[in-house]
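One chain, subunit A, links the two complexes that follow: it is found with subunit B in the first and with subunit C in the second.
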Partner chain A sequence: MTSTACASVAGDRLAGFLVRFLLIATVLFLVIPIAISGILSFDDREFIGPFPPTAFSLRWYRSFFENPSYISGLFVSLRLALLSAVISTVVGAGAAFALAETRWRARGLVEILFLSPRFIPTVVIGFSMLGFASAIHIFDAFTRLVMGHVVITIPFTVRATLAGLVGVRRGLSEAAISLGAPPWRAFLDATLPLARTGIIAGALMAFALSFDEVAVSIFLTDAFTQTLPIALVAEMRANLNLTVAAVATVFAIIAMLIVAVLDRVAGLDAIIGRGMYRE
Partner chain B sequence: MSMSVLRRVLLSPGLLILAVLVVAPITLMALESLRPFVGGRAGGTTGWTLRNYTELTQPAYAYYFWDTFRIGFIASAAALLLATPLAWQAARTTQPALRVLIFGLLISLLFMSLIAKLYAIQMTFGPTGPFAALGTLIGVPARSPQYAQVQVFIGLLHFVLPLATLMMIGTFQNISPRLEEAASSLGAPRWSVALSVTLPLAVPGLLAAFMIVFAACISNFVVPLILGRGVVLFATNLMYTRFSDIADYPSGAAIGVIMLVLAGTMVYAMTAIVRRLVPADVQR
Partner chain C sequence: MSSPGLELVNIVKHFGSHAAVDGASLSVDSGEIVALLGPSGCGKTTTLRLIAGFERLDDGRIVVGGIDVAKVPPFRRHIGIVFQDYALFPHMTAAQNIEYGMRQHGFGRPEREERRRDLLRLVRLDGLEHRSPAALSGGQQQRVALARALAISPRLLLLDGPLSNLDAKLRETLRGELRDILCSVGTTTLIVTHDQIEAIGIAHRIALMNRGRIVQIGAPREIYEAPTTRFAAQFVGQSLWFGGRFEHSGNDRGRFVSDEGLLFDTESPVTSASRYGLSIRPEHIHVPPRAADANRLAAVVERVDFLGAELILRCRLDQGDRVIAIPVRADECITIGAGDHVDLGVAPVHCRVVADE
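Now for the complex of A and B:
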């Protein structure tokens, strides 16, 4: 073996080692904090002591259920996320169908319009929605919250449905129509079932996004209608206690369950796609 | 009902919502930003002024924007660097189980509550956490005020890493492995193939990922709110403080308009860069 070949093998080894090291460090960086807060959520101590805990209990999970502001926040958040997800899924999926079927030149522009709320900083949406709501005399916090959350979730439902429709042949509904089906029938029987995965993914994203939202909600809540994230943020800023660790752990488990369901329903591989060069 | 009528029926609720709930509020905000601030009153003032904007050019305020961009930039660059090996592994591995594992991790993190993640980071890297010594290691003790910057950096990095990795998986998957194989079979070492073949092809994707991640960082609100401990305030937090602490709605509106313009400029720059770097036939 020549010396240059030796050098290149050594270089490869070194590069491979570096890449592997970086990869493992990244995964650990992503996972360790969540594991630590998971372990701390079972801490039996009354104060936040050094890690690891010396005794374990479920006291912080109990304390969550004993805190009325968390419980009422949880219900507000669930109602809000459900309602916003339903509205934005219906509206967004409808718009995506219309966009996928059209061939006009304005299509790109309208698509950008629907995705535009994603590029607006969420604080700006919350702030401007508050001014707008009071200008049109809407003072009910829950109504304001729904307005704000529909706006921020629509891009996701439009995007996910459009992505789901890529696999659906564009001419399919036209074929059904040319065979004599009325357009609404073609839509219900041909397009809708095929786009199901995209719609479900979009609805899930909308729900998750709304359920965890802070920047819009912080402007639109009031003293009587608080969402769970806003209650949690207030708690975290006031004093650190481990009730939030319990909530965080539950959230982490829910996220993993959602992903497990997504994998079952659609397959993670299919959601992300394998790219042009893999079959 | 013809096709075009159906199309209109499907499109109109969305367009109506966008017009009423996005365009109208933002127009109103832009008008409000030109109103003088009268203490104790929200809206309803008369007259026009540019004072809300000129006020923000003062060094004290410019500093918030500088902090936002500086920490956001460092976090985005770090995210791209750390995401590369992970995305590469996911895109090129031949083991389906490993692929699904990486995907599962990334998507779980995307779905996981940001508040939960930030809390976990505070418990891990915060002054009471087991990794607090990290601060001393890099010369910023965990109890010092400057450590808030480190924590905001860690929080942003954790927040955007899954996003960056998923976008880069897409980029790497769309680079033909044949090109790398060809270079390798001609005797090039793998690290040199990565630098001279793969990297240049990935540049447009990397730039697009960087811009999206950077935009997500500088428009973030929750990370500095929770991890900034009042020491690090982003422009978003400044906007909220203007509204919540002194009820200065016009000034908050002016900050909002500036952020909107910045966000628009970034999107424009991003599309321009991608359009310039990627040949037209690949885009479609």
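Now for the complex of A and C:
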């Protein structure tokens, strides 16, 4: 009796230790590469030398901000991510509301259709979108990019809105209607506020996804309209230096800002965990 | 009496080929509380949704306060609903929930606040108006839902299993409270429930529903004491059921011969049917028999369950192979034990011949 109890206590301790070890290992594995590139971005040396750097400076950040192709790329990427996120959120959230409401039998099929861009290789989407754009005589690179990015971000806005709606009982809009609210009013008062978390989460995910997208953009950019990631890839091919590390750090900071905003607006727990009002 | 508060005339609703509501008719007086009682799947929830306007009627008429609501959209019907899960808006406080309907109907702010205060006092929740629903107990949520539904001064109040989401003890106390509130408000009320205690405890009349139809309407006591069908006899309260045939002997009396060959003197059935059965409430069986108990059944006591003031005798009838549970007062049968041969007695007036359908 006592010996088995002891064994089980020892087993629990061992399991607890292993779990903690795995947790710390995972965190280190995720954080160390980013930390290294962050430190390297402040390296003062001309060449990519051994770690750690011997002297620090802001030269790579200066070179980033002085390079016109990076700066124009940054603005293209920001505009693109913003526009794609807005379009994708409006379309995706609308689709999710319709899907959640319908009792239609083909519902599952339509949902899969909306989510399908996630399962199709982005290279295929990029190439197809290029062919499609020229077939309908769209030769403006920015327009093409928006089209491509809306397609790849829609699964995320649909998913996030649907997830946000899971906790919202259908009865709520019926309750509002029985109290005298026309259906559109009931939607605005009883459904939309509760799905807000999911919609915002989807929009931020769409923005982040579009902002650092490479594979689709490679097909849709041209010499005059380049996104930041594409400009980065091109520069890296031409002359590899630590500007890449500086840009990577800028990216990481933007990503962290988005996470912070997400957490502030909705609570990360509510977004990745359970819906806000689920019981 | 003026026009009824609610009138259902042969209403029909199909889902695919299945008739969820199959020609149900019901008339509820103005100010009356009626319970629509039936097992799950009998069509009572569909009936509620048809009245509320959430489902489209296939056939028949629904008249609320003298107005045929066929062409009235649900948000103009002025029907207050307390949903089974209450459906309180989780992002609004109790006060905002209660005022929501008044806002939709264009009440001014002072009017809204005054009425909200009155309603909170009525449902005894004064002081909790700024709590969110999540911070209220189940019973409090239910009363907020009731106040919210009453706030629009509805022509009709619909309650969907109002007590079914509460635990047993709370249900007991809230049942009386709910009845008192509904009576003092005086709104025509339809309660949809599968719980006979809820129906009996709150409603003036019960409409018994089965397979999409209303099979019997009456005061709770009437339905319990004079069921007209096998369904009514077995769904409301406990009932011993014997299959068999009925033979008239004139003078509103007759004889019932059960399938196992037992003979019962009975009164005539109130409704005529092609087949009859016999229903006896267990509490009408006496051990030992009393003078008026013309019907005697020989049985062996298999087990005696002691429940305090009551004993439950589990008796196996000598004829046929069935065990029946009879409640008796503990002090009357102090000497009866397992294995004893006993005579069970039941008066003809308590042997009810009802339609077996």
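One rule holds for everything that comes next: the second predicted complex is superposed on the first by the 246 of 279 C-alpha atoms of A that agree within 3 Å, B and C clash if a C-alpha of one lies under 4 Å from a C-alpha of the other, contacts with A are read in each partner's own complex, and residues count from 1 in each chain.
Quick note on the criterion: contacts are C-beta pairs under 8 Å (C-beta built on N, C-alpha and C of every residue); 3 or more make two chains touch, one makes a residue touch a chain.
What you see is a predicted model, and the numbers here were worked out from it, not measured in a lab.
Enquirer: Determine, for the superposed arrangement built on subunit A, whether subunit B and subunit C clash or fit.
Expert: On the shared subunit A, the partners fit.
Enquirer: Is A:Leu179 touching anything from subunit B or subunit C once the two structures are fitted on A? First, second, both or neither.
Expert: Second partner only, subunit C.
Enquirer: A:Val150 in the overlay: touching subunit B, subunit C, both, or neither? Say first, second, both or neither.
Expert: first
Enquirer: Does subunit A have more residues touched by subunit B or by subunit C?
Expert: Between subunit B and subunit C, the winner on subunit A residue contacts is B.
Enquirer: Counting only touches as set out at the top, which of subunit B and subunit C does A:Ser69 meet: first, second, both, neither?
Expert: After superposing on A, A:Ser69 lies clear of both subunit B and subunit C.
Enquirer: One more residue to check, A:Pro121. First (subunit B), second (subunit C), both or neither?
Expert: A:Pro121: touches subunit B, not subunit C.
Enquirer: Which partner does A:Pro193 contact after superposing on A: first (subunit B), second (subunit C), both, neither?
Expert: second
Enquirer: Once both structures are aligned on chain A, how many angstrom separate the closest C-alpha atoms of subunit B and subunit C?
Expert: 9
Enquirer: Can you list the residues of subunit A that meet both subunit B and subunit C?
Expert: 174, 177, 182-183, 277
Enquirer: Can you tell me which positions in subunit C touch subunit A when the two form their complex?
Expert: So the residues of subunit C touching subunit A come out as 52, 54, 73-81, 83, 85, 87-91, 100-101, 104-105, 148-149, 151-152.
Enquirer: Going by the contact rule set out above, which residues of subunit A touch subunit C in the complex?
Expert: Within the complex, subunit A contacts subunit C at residues 169, 171-172, 174-183, 185-186, 189-190, 193-194, 277.
Enquirer: If we count contacts the way the header does, which residues on subunit A are in touch with subunit B in the complex?
Expert: So the residues of subunit A touching subunit B come out as 8-9, 11-12, 14-16, 19-20, 22-23, 25-27, 29-34, 36-37, 40, 48, 50-52, 90-92, 94-95, 97-99, 101-102, 110, 113-114, 116-117, 119-125, 127-132, 134-135, 147-148, 150-151, 154, 158, 174, 177, 182-184, 187, 204, 208, 211-212, 214-215, 218-219, 229, 232-233, 236-237, 240, 244-245, 247-249, 251-252, 255-256, 258-260, 262-263, 268-269, 271-278.
Enquirer: Within their complex, state which residues of subunit B touch subunit A.
Expert: Per the stated touch rule, the residues are 1-3, 6-8, 10-11, 13-15, 17-18, 21-22, 24-26, 28-29, 32, 42-43, 81-86, 88-89, 91, 96, 99-100, 103-105, 107-109, 111-125, 128-131, 157-158, 161-162, 166, 169-170, 172-178, 189-192, 194, 215, 219, 221-222, 225-226, 236, 239-240, 243, 249, 252-253, 256, 259-260, 263-264, 267.
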